[in-house]
Amino acid sequence: MPVAPSATRPRSRQRPGDVLFSGAALAAGILILVALAAVTIFLIAQALPAFTANPADVSKDGRGFWSFVVPLVFGTIWAAALALLIALPLSIGIALFISHYAPRRVAVTLGYIVDLLAAVPSVVFGLWGITVLAPAMQPVYVWLVDNLGWIPLFAGPVSGTGRTVLTVAIVLAVMILPIITALSREVFLQTPRLHEEAALALGATRWEMIRMAVLPFGRPGLISATMLGLGRALGETMAVAMVLSPSVIISFALLTSQNPTTIAANIALNFPEASGIGVNVLIATGLVLFLITLLVNSLARFIINRRKDFSGAN
Amino acid sequence: MSKRIEVRDLNVFYGNFKAVADVSLTIEPKTVTAFIGPSGCGKSTFLRTLNRMHEVIPGAYVEGEVLIDGENLYAANTDPVEVRRQVGMVFQRPNPFPTMSIRDNVLAGVKLNNNRISKSDADDLVKKSLQGANLWKEVKDRLDKPGSSLSGGQQQRLCIARAIAVSPDVLLMDEPCSALDPISTLAIEDLIDELKSDFTIVIVTHNMQQASRVSDKTAFFNIEGTGMPGRLIEYGDTRTIFERPSVQATEDYISGRFG
Amino acid sequence: MALVLSAPPAMRKLSRGTLWAVVALSLLLSVGFFSLLVLSGASKDFNIVGAILVAVILYIIVTFGMSRFVEGRRKATDRLATALVTSAFIVALLPLVSLVYTAVANGINRFDGDFFNSSMRNVVGAGGGGLHAIVGTLEVTAAATVISVPIGIMTAVYLVEYGKGRLSRAITVLVDVMTGIPSIVAGLFAFALFALFFGPGIRFGIGGAVALSVLMIPVVVRSTEEMLKIVPNELREASLALGVPKWLTVVKVVIPTAIGGIITGVMIAISRIIGETAPLLIICGMSTSMNYDLFSGRMATLPVFVYTQYSNQGTDTQAYLDRAWTGALVLILIVMVLNILARILSKILAPKGSR
């Protein structure tokens, strides 16, 4: 017992085996503290030179680290947000399909199939994105630019390869789909049966029952699932690195060959050849990415925990 | 083998909550003592202090003394693990280890403590303990089957065999029949009567007929109200308690007026 | 909420037959349209995905229209929702099917003895294989597992069996934080750590194992914690009451009871990290030759092999692409086998008998 409940009572004798074992368990727990502290400290230590170095060495335009990192941050958030926009409605649909539409026996198998998507390595998604999806989408992009080019999002000139930020967003959406689906499925299944039956007893159709009972109950869970999916999309590296034809710009255009790249992809593409201050700059961008995902994930946890407090089921 | 238990001014706490107050009693060797009383009166809590199982629950502690043949269980240098080897326990719900065979369940106390035991010694111990628990005839042909393959009553006797295999001096039973059917209950009650010749037995029960059937002495615990500590109201020969109780509350409880 | 009960326009209902007829009709129209595109030369190949998508959209519109007309607004909305929800599932299946199909179709070309028997040493163009990468992946993953599993399980033991108060809450929060670390950041961490001791050019296998451990530990902790929590308290009490010290109770009763779930969790965790590319790209680097030594020299791994085969295509483009796809296929197979094995093991090792 590491913490004595009351200091006034005599502690009973401890066996060496108990002391050793609980000590080892404690050490493992503390190692996690240390490891996380080490991640932060080492990243900061290696990133520091990027902030203090001569701006001319840091970026090509000579305006220093921040002007280098801002387009990357934009690209990271832009791609992840687009992915979320695509994945969220689909995930909710799939989760509802599994929890409330599919027959019970099939539902479990369908869940497995969606989980399989989560098991596919990201490099395979990247390969698929560039050899299958990008060429397949290219004619669609041409059509969009020709016919809807007046909308700024679809402004030309159209990319000749399909390796645009929209293709990346689709690949990312496919990758985060299983995460959001799995969590929202759980939440939907937890809807109190009484609420559902009450709605059905009032003569509601299935969809009205879902709108009245399931969705309101699951909203906090949905929000946190979304956040976790977003966190994953922000940090995803290989799919973006392989599919996107990158450049360092801030642009909302979805279909051109000039696409804002992401922090993670930029590191993966440039790290193997980087040297000197370049390494420090890349690590500094990694630190920025870490902070962004930390923020998003903490927000998700915060929402989950707050929900635990007032759900009051147990 | 069996030993005398003396309890002096025992108070039991869960954190700041006092669950049992001011219990003093003496339990003679080779007797069966029954603890009766309404739910929440602290009889199970008190039973668990007799082998220091109580303190497994975080924040729980004890004031006072429990002496077994004059040695205080709560002395500063006493090892709770040693205490529990001396004072065995059988729980409310049968809890054989699901990962072990019947044989390994009986040997659990030896094997889990990393003690070496030769095959023939182990065989003898298994046979002796299962015979002691009146289970040998029923399971001798399937000792390698999982313990959870037995019926509820058999599982409970397996748990008793497991407890007596470490040859304790005292056997504590916390409502051992409450999850069992009447026939299994009867088998356990017969067993208690036989075990009495080797062990000091303390049994908590909700069933007053059971208390009157199996025990030599009976202790009645009661509680004044929620949030109040449980207290020992009356302790004496079972016949006296059931036929001529000296306290009104005991009589009310025994005649079924509450609880 | 629009629950005003408008009287239903009689009890008319669309029959199942009608709905299936609509499905068939939409498919027919859509396939016809896309076939026409091919015949007229507007597109080269028949576009299956496009045909399915158009058919789905057609079906949704037609059923909504019919239902609105026959069954009324509320029922029509319900049908629309059903159609949308179902089609969401079908749409999500498209990439999975396409991905698996492509991986098998392209990967099968080089799924031969050579691929599993040779490295890329001195190979330019066709031939060669991924043996060095497969060995590297197995070594790095094994090392990561050896680091992560003891730490992960002991941390879970601490949290469930010993932990109280602030420290245990802090560790829980930090495990959550660790779960969210992007894989590339884990790679940078391993690099930053080892570069400090060995200089900035450091690339070796064990660094990759450390990076993967950062990703693996939180997964192992979480799953083990869940498993330890469902071990009934009665078993702990039974063991303690036999005079077994707490640590032996944990080692010999609690962990064996939960071992099925723990192993499943570990295998799932392995299947997550075995496909990681980004951290290995940074700290393991790439090599064309066999390197058995985790502690020195660049080490090829399967995911990085797939990536480099794709990104550094030589003159014989097709050979490189084939190798990339075969690598991808092998990766998918490994991950699938791990997942299936995990499910089977969890069934076998689940504590038998119910009480």
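Residue numbering begins at 1 within each chain, and the chains themselves are lettered A, B and C in the order written.
As a convention for this text, a residue touches a chain if its C-beta (ideal position, glycine included) is under 8 Å from a C-beta of that chain, and two chains touch if they have at least 3 such contacts.
Here the structure is a predicted model, which means the values were calculated and not measured.
Trainee: Give me the ID of the chain with the smallest distance between its Cα centroid and the all-protein Cα centroid.
Mentor: Here the chain at the core of the arrangement is C.
Trainee: Greatest Cα-centroid separation from chain B: which chain?
Mentor: Greatest centre separation from chain B goes to chain A.
Trainee: Counting C-beta pairs in contact, which comes out ahead: B-C or A-C?
Mentor: A-C
Trainee: Centre to centre, by mean C-alpha position, how many angstrom separate chain A and chain B?
Mentor: 55
Trainee: Using Cα averages as centroids, what's the distance between chain A and chain C in whole Å?
Mentor: 14
Trainee: Could you put a whole-Å number on the gap between the CA centroids of chain B and chain C?
Mentor: 51
Trainee: When you check chain B against every other chain, which residues touch at least two of them?
Mentor: 58, 81
Trainee: Mind pulling the chain A residues that touch 2 or more other chains?
Mentor: 15, in rising order.
Trainee: Would you mind listing the residues of chain C that make contact with two or more other chains?
Mentor: 164, 245, 248
Trainee: Once bound in the complex, which stretches of chain C touch chain B?
Mentor: Going through chain C, the ones touching chain B are 164, 232, 234-245, 248-249, 252-253, 256-257, 351-355.
Trainee: Under the definition above, what is the set of chain C residues touching chain A in their complex?
Mentor: Spelled out, the residues of chain C in touch with chain A are 1, 3, 5, 43, 47, 49, 74-75, 77-78, 80-82, 84-89, 91-93, 95-96, 98-99, 102-103, 106, 150-155, 157-159, 161-165, 167-168, 170-171, 173-186, 188-189, 191-193, 195-196, 200, 214, 217, 221, 245-248, 250-251, 271-272, 274-278, 281-282, 285-286, 303-304, 306-307, 310-311, 321, 324-325, 328, 331-332, 335-336, 339.
Trainee: List the residues on chain B that touch chain C in their complex, please.
Mentor: Residues in contact with chain C: 51, 53, 56, 58, 81-86, 88-89, 91, 93-99, 108-109, 111-114, 146-149, 155, 159, 162-163, 166.
Trainee: For chain A, which residues are in contact with chain C within the complex?
Mentor: Result: residues 1-3, 15, 17-18, 20-22, 24-33, 35-36, 38-39, 42-43, 45-46, 89-90, 92-94, 96-98, 101-102, 110, 113-114, 116-117, 119-128, 130-133, 136, 139, 174, 177, 181, 202-208, 210-212, 228, 231, 234-238, 241-242, 264, 267-268, 271-272, 275, 279, 282-283, 286-287, 289-290, 293-294, 296-298, 301 of chain A touch chain C.
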